[in-house]
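A, B, C, D, E and F label the chains in the order they appear, each numbered from 1.
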Amino acid sequence: MSTNDNQPMLIFGAHPDDIEFGCGAVIAVETRTGRKAHSVVCSLGEAATNGTPELRAAESRAATELLGSTIEFLELDGDARLEIRTDHAIKLAGIIRRVRPSTVLATTCTENQHPDHARLGQLVRDAARLARYGGLGELRENEPHAIEQLFFYAVTPEGEPRDVAPILIDISSQEIIDAWTAAMNAHVTQAASRDYVDLQLTRARLLGARAGVGYAIALYPNDPMVFQSLAQAGRGARQF
Amino acid sequence: MSTNDNQPMLIFGAHPDDIEFGCGAVIAVETRTGRKAHSVVCSLGEAATNGTPELRAAESRAATELLGSTIEFLELDGDARLEIRTDHAIKLAGIIRRVRPSTVLATTCTENQHPDHARLGQLVRDAARLARYGGLGELRENEPHAIEQLFFYAVTPEGEPRDVAPILIDISSQEIIDAWTAAMNAHVTQAASRDYVDLQLTRARLLGARAGVGYAIALYPNDPMVFQSLAQAGRGARQF
Amino acid sequence: MSTNDNQPMLIFGAHPDDIEFGCGAVIAVETRTGRKAHSVVCSLGEAATNGTPELRAAESRAATELLGSTIEFLELDGDARLEIRTDHAIKLAGIIRRVRPSTVLATTCTENQHPDHARLGQLVRDAARLARYGGLGELRENEPHAIEQLFFYAVTPEGEPRDVAPILIDISSQEIIDAWTAAMNAHVTQAASRDYVDLQLTRARLLGARAGVGYAIALYPNDPMVFQSLAQAGRGARQF
Amino acid sequence: MSTNDNQPMLIFGAHPDDIEFGCGAVIAVETRTGRKAHSVVCSLGEAATNGTPELRAAESRAATELLGSTIEFLELDGDARLEIRTDHAIKLAGIIRRVRPSTVLATTCTENQHPDHARLGQLVRDAARLARYGGLGELRENEPHAIEQLFFYAVTPEGEPRDVAPILIDISSQEIIDAWTAAMNAHVTQAASRDYVDLQLTRARLLGARAGVGYAIALYPNDPMVFQSLAQAGRGARQF
Amino acid sequence: MSTNDNQPMLIFGAHPDDIEFGCGAVIAVETRTGRKAHSVVCSLGEAATNGTPELRAAESRAATELLGSTIEFLELDGDARLEIRTDHAIKLAGIIRRVRPSTVLATTCTENQHPDHARLGQLVRDAARLARYGGLGELRENEPHAIEQLFFYAVTPEGEPRDVAPILIDISSQEIIDAWTAAMNAHVTQAASRDYVDLQLTRARLLGARAGVGYAIALYPNDPMVFQSLAQAGRGARQF
Amino acid sequence: MSTNDNQPMLIFGAHPDDIEFGCGAVIAVETRTGRKAHSVVCSLGEAATNGTPELRAAESRAATELLGSTIEFLELDGDARLEIRTDHAIKLAGIIRRVRPSTVLATTCTENQHPDHARLGQLVRDAARLARYGGLGELRENEPHAIEQLFFYAVTPEGEPRDVAPILIDISSQEIIDAWTAAMNAHVTQAASRDYVDLQLTRARLLGARAGVGYAIALYPNDPMVFQSLAQAGRGARQF
């Protein structure tokens, strides 16, 4: 078990609804235990078919509150325009230094999905390294900070990496499912189309069936996990 | 954290020295915390260039004792002759039902290594399923048993799977390193040739460097790990 | 489009319920268009926790009828005991020569699932080759036969290959879903435990969401598919 | 079979000869059936050892005509200078909205080949998504458009992805081979060096041998293909 | 450069024509430089559609002579019946100890090809290990022997591993191509059907084009290659 | 054996210590045989926690001299800021044309490591192509040049590609180990922290154990290696 589990978790999303739809239940799990969580949303979703930037920011704030998390918006290149730039990674590293989380969550780096998702994942992975280096001038405002673990979450099935084994977080308690569903539905302009809420609950139910629980969310570790003993390592998803 | 962490761990090896060389330090870690560990060795190493079966069995017993574990020998097809047979899997499943472990360790299924290693890994993976099924006549003596997690260990670098992310177990304490080294050296007929002890310590030191600790051993989970919260998931090996 | 699409399809399963749970809806789709389908079940499920062999055979017959398919049982090594033997592949090849299908379906060859599933997949893959060779004495009773395509189906999520892109078969019509659900429920002794029916419908719904339809089933082609023009190639699952 | 098979196909190439050498025969197959095809060439090949931009544009026009396709040139960063920029993806998405194809072809995203090929593949993949989103200002001129399928073609053997199963298009008819060969030879400045025409015919003949036909071209689907029944799915390339 | 390059090479094939069709030109290259080569053929091709066992053995002998190699036949389970058995691996290991080669060639272990090919590859890989172990009774007749390198060859395109980088052997000289073609044509009963000779020459020409030479054959190393300096490592196939 | 082995080797590193820590011993091996080696360092390490740019450049010069190599510094985007830009690739291609090496070494393209390492690897791979093309204006100063082989080296274990088989260079002679260790220790500001020198020697010792020698360094070929005969191909690392 981590010795730093009272450090906050920090979650990055490319669009106002990515975080809630992709891993909202995990945030609810963590905040219910008293841990702080902070979300960083890197566009206002202005390229989407539905919803204005103002509406979407308001939806994000409402959703975040339902999960017990705080939120900030960061302007990079704009929705559907995110590029891999060192400046962006440095900005993200600056936030990591300021918030000083033990755990960071970001969208997966899988290529064949919304390009902003894959690129944000890569930028956050780089940022988590830059946050540690002592010599970057733009980052001098805050001390270097080394996070403990970087996990990726997949906003859609297409974003699930095929070559990385996930860990599964049990989100089965009714309280968690309710908070998550409410947070997803807070994205009123998005929830209607294509049954996004139903899609996410279906994904979680299928993973729950694999894990032998009601519902679960998959996270993809960026690095091998280190344990002090096997008693700490999670039980395996072995139902079939 | 597992609710069954006072259940024993069960470790399978194809030859008398596989377990100690491949994951002896992990056993030492677990038994130091009071957990029971039981080793099953599936040949007497009779195909090896050095050592008689009697000598090697005695070496295994001595090594096992140094790790705080118990041991039994199981005759399957003999050293360097192991085949994939259902009868073998059923025998292994019978042991799982009798010992009723939460955690099982076996050699990896990676093909390009000693063929007994790869095949034992596959047989144990199958056995862990068969142990759960209610209708197998030969297994009626003991109740069906579902293990919590199956991990693989690699006896040599060749046996390390390239497509599975390992977890790393911290084995850095001097007490553990001493017990492990003593257990490896108890295999007197094998330890001398090719610097096997040095090879294993070098592997563990390199993994330790990745994990930011002194020494570590890699285990390869057979199934996604399930956690109740992120605070349980291990920190990542993030040093470089 | 295949020139042989009035040839039957042939489906292999290791246990009485594999075919219905794994790809029953695909059979219903095909038989609704007048195509013949024939199921071969390679054990009576005698290792399962629930159900006698007699009961399970009767359930299979009922389920098969609901899908508009015919059925036969083939005794190989028994449930949970299947081994890779040439004799088995030759028996399966004999059935292929007798039924002379254009399409063959079998369980996937993925290793980390019920061992009978993986081995049956491998045996059927070999059998589809042997059925073509002219010189095998045991097969002389029927002329050599070359099938057009071999697809694999995954009985459980664990059986889904990670390194092969599936094709998705649209099974959304209410008639198909009803027939499939009824066929699964005909396996009375199995359907209750672990919510197998619900698991399969959830899997199909998630794949349907990816494909932009109500429900879909994934099949994994053994060989590259050949088309006369792009107009024949299916549209892509592009919803996210 | 697609319901939109009278919609045009749209093919992207990085250099004037990519399209003809990489997938010219597929275009010939489609246009012979009355389907419209449109080529977009994203540089004038000005970094090549042989040929001026003017000559190469003229060669492309001649080759395109021989295949029954139309052509336009798009200036991005210039030959051997293509970078991953959102502006480029938006321009490509604008063309997709204007042409409104059901099928799009682009160079593969495989890294170890001419860098323009890999990057154009990635840009087209992104563009196919952007073309669907309602909120991108630069794209307002044309209605959002969702393509049905994106396939990649490999200009050279190095560009063939190792981890994606191709589909094979039968191009064996003499008429098609003649049109394709003529179109390749129309690139007079390029065809001579390194036996490019012979290379492509050799590749197609080898794939034809796998498919049991005279000649074939491999296309790599970006997404799982969706079929209404197995009768639609292509027969497998099963000759050996 | 190997210090043992006057040791013989040893080539294993499952059927009488595997060796000549799969890697005959490589044998010709080696024997032209005075190295000894010995072929071991593990069935008489009795399951094939064409040719009797007697005819095929005679064809093999003629072909082998044309390549400057010697030959022996080994009976295992018979054509299309090869199984993974330790007894087979021990027999193959016995031959390795007797011939004492530095280099061993065998069919690839890739699954989706003629099952005898994949299994022979696995058996030879195991045999190369067993040949080294001192304690196997059946092998006592000859001293343990450690080979220097094991390479796999692919009899058909289906047998080419997708996840291993090959090395390419330049076989462009007219003398080599002539000897190889003659050796393939010596398999009179097989060469006619399906244009096997043309298939192999087409494969070699395509690989030659990649390597910048006339013709080349791909071999797949079982282990990382060790060099004393970079001057020894081959130049890369870098033409496109 | 390469016919051009008196051509120089050219080594690219992103930071002042990458080359010495990642592959310094290989350079020592080559220069001991009289071959010229030239290092290009693409930043002054100004983002590091320890060391000023001036100090680090001086350390690099000292280290390079100990290896018998020459050195130049190239300014791209600065330490921890490297981006994928065509301008960079063209600059690197210009150096390749000027130095005209047969062998080029660069950091691996593996994503989950210091971002500068992965990007420099990609840029060098592209540059090796651009150096060959005749039409790039900026490169007209020097004749096009085709290198013979591109190898990647991994600065840290994280940078080792999992899906490419390495070649191993034997660096066991005491003279080489001494020169390498001295060159690493010349990076005084870096060598102390995190035991970098010990890490690299441990890595080399483990690879040496696999290769059956004292110490070895792994290089990852970008392209299949071409050999004139098997006697040239290196022996396999087959110890376990």
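Note that in this section a residue touches a chain if its C-beta (ideal position, glycine included) is under 8 Å from a C-beta of that chain, and two chains touch if they have at least 3 such contacts.
Computed from a prediction, not measured in an experiment: that's the story for all the values here.
Considering every other chain in turn, the ones in contact with both subunit C and subunit E prove to be B, D. Interface comparison, A-F against C-D: more C-beta pairs in contact at C-D.
As for how the two copies subunit A and subunit D face one another, under half of their interface residue numbers coincide.
Subunit D has its Cα centroid 51 Å from the Cα centroid of subunit B.
If each chain is reduced to the centroid of its CA atoms, subunit A and subunit B end up 35 Å from each other. Contact with two or more other chains is made by residues 84, 114, 163, 210, 222-223 of subunit E. The touch graph of these protein chains has some other shape, matching none of line, ring, star or complete.
A list of each chain pair in contact follows: A-B, A-C, A-D, A-F, B-C, B-E, B-F, C-D, C-E, D-E, D-F, E-F. Considering their complex, residues 45-50, 77, 79-84, 111-112, 114-115 of subunit A touch subunit D.
Looking at the complex, you find that subunit A touches subunit B at residues 1-2, 4-5, 9, 26, 29-30, 33, 35, 102-103, 128, 146-151, 163-170, 210-213, 216, 218-219, 221-238.
Across the interface of their complex, subunit D is touched by residues 113-114, 155-159, 162-163, 194-195, 198-199, 202-203, 205-206, 209-210, 239-240 of subunit E. Subunit C makes touch with subunit E in their complex at residues 84-86, 89, 109, 122, 125-126, 129-130, 133-136, 144, 222-223.
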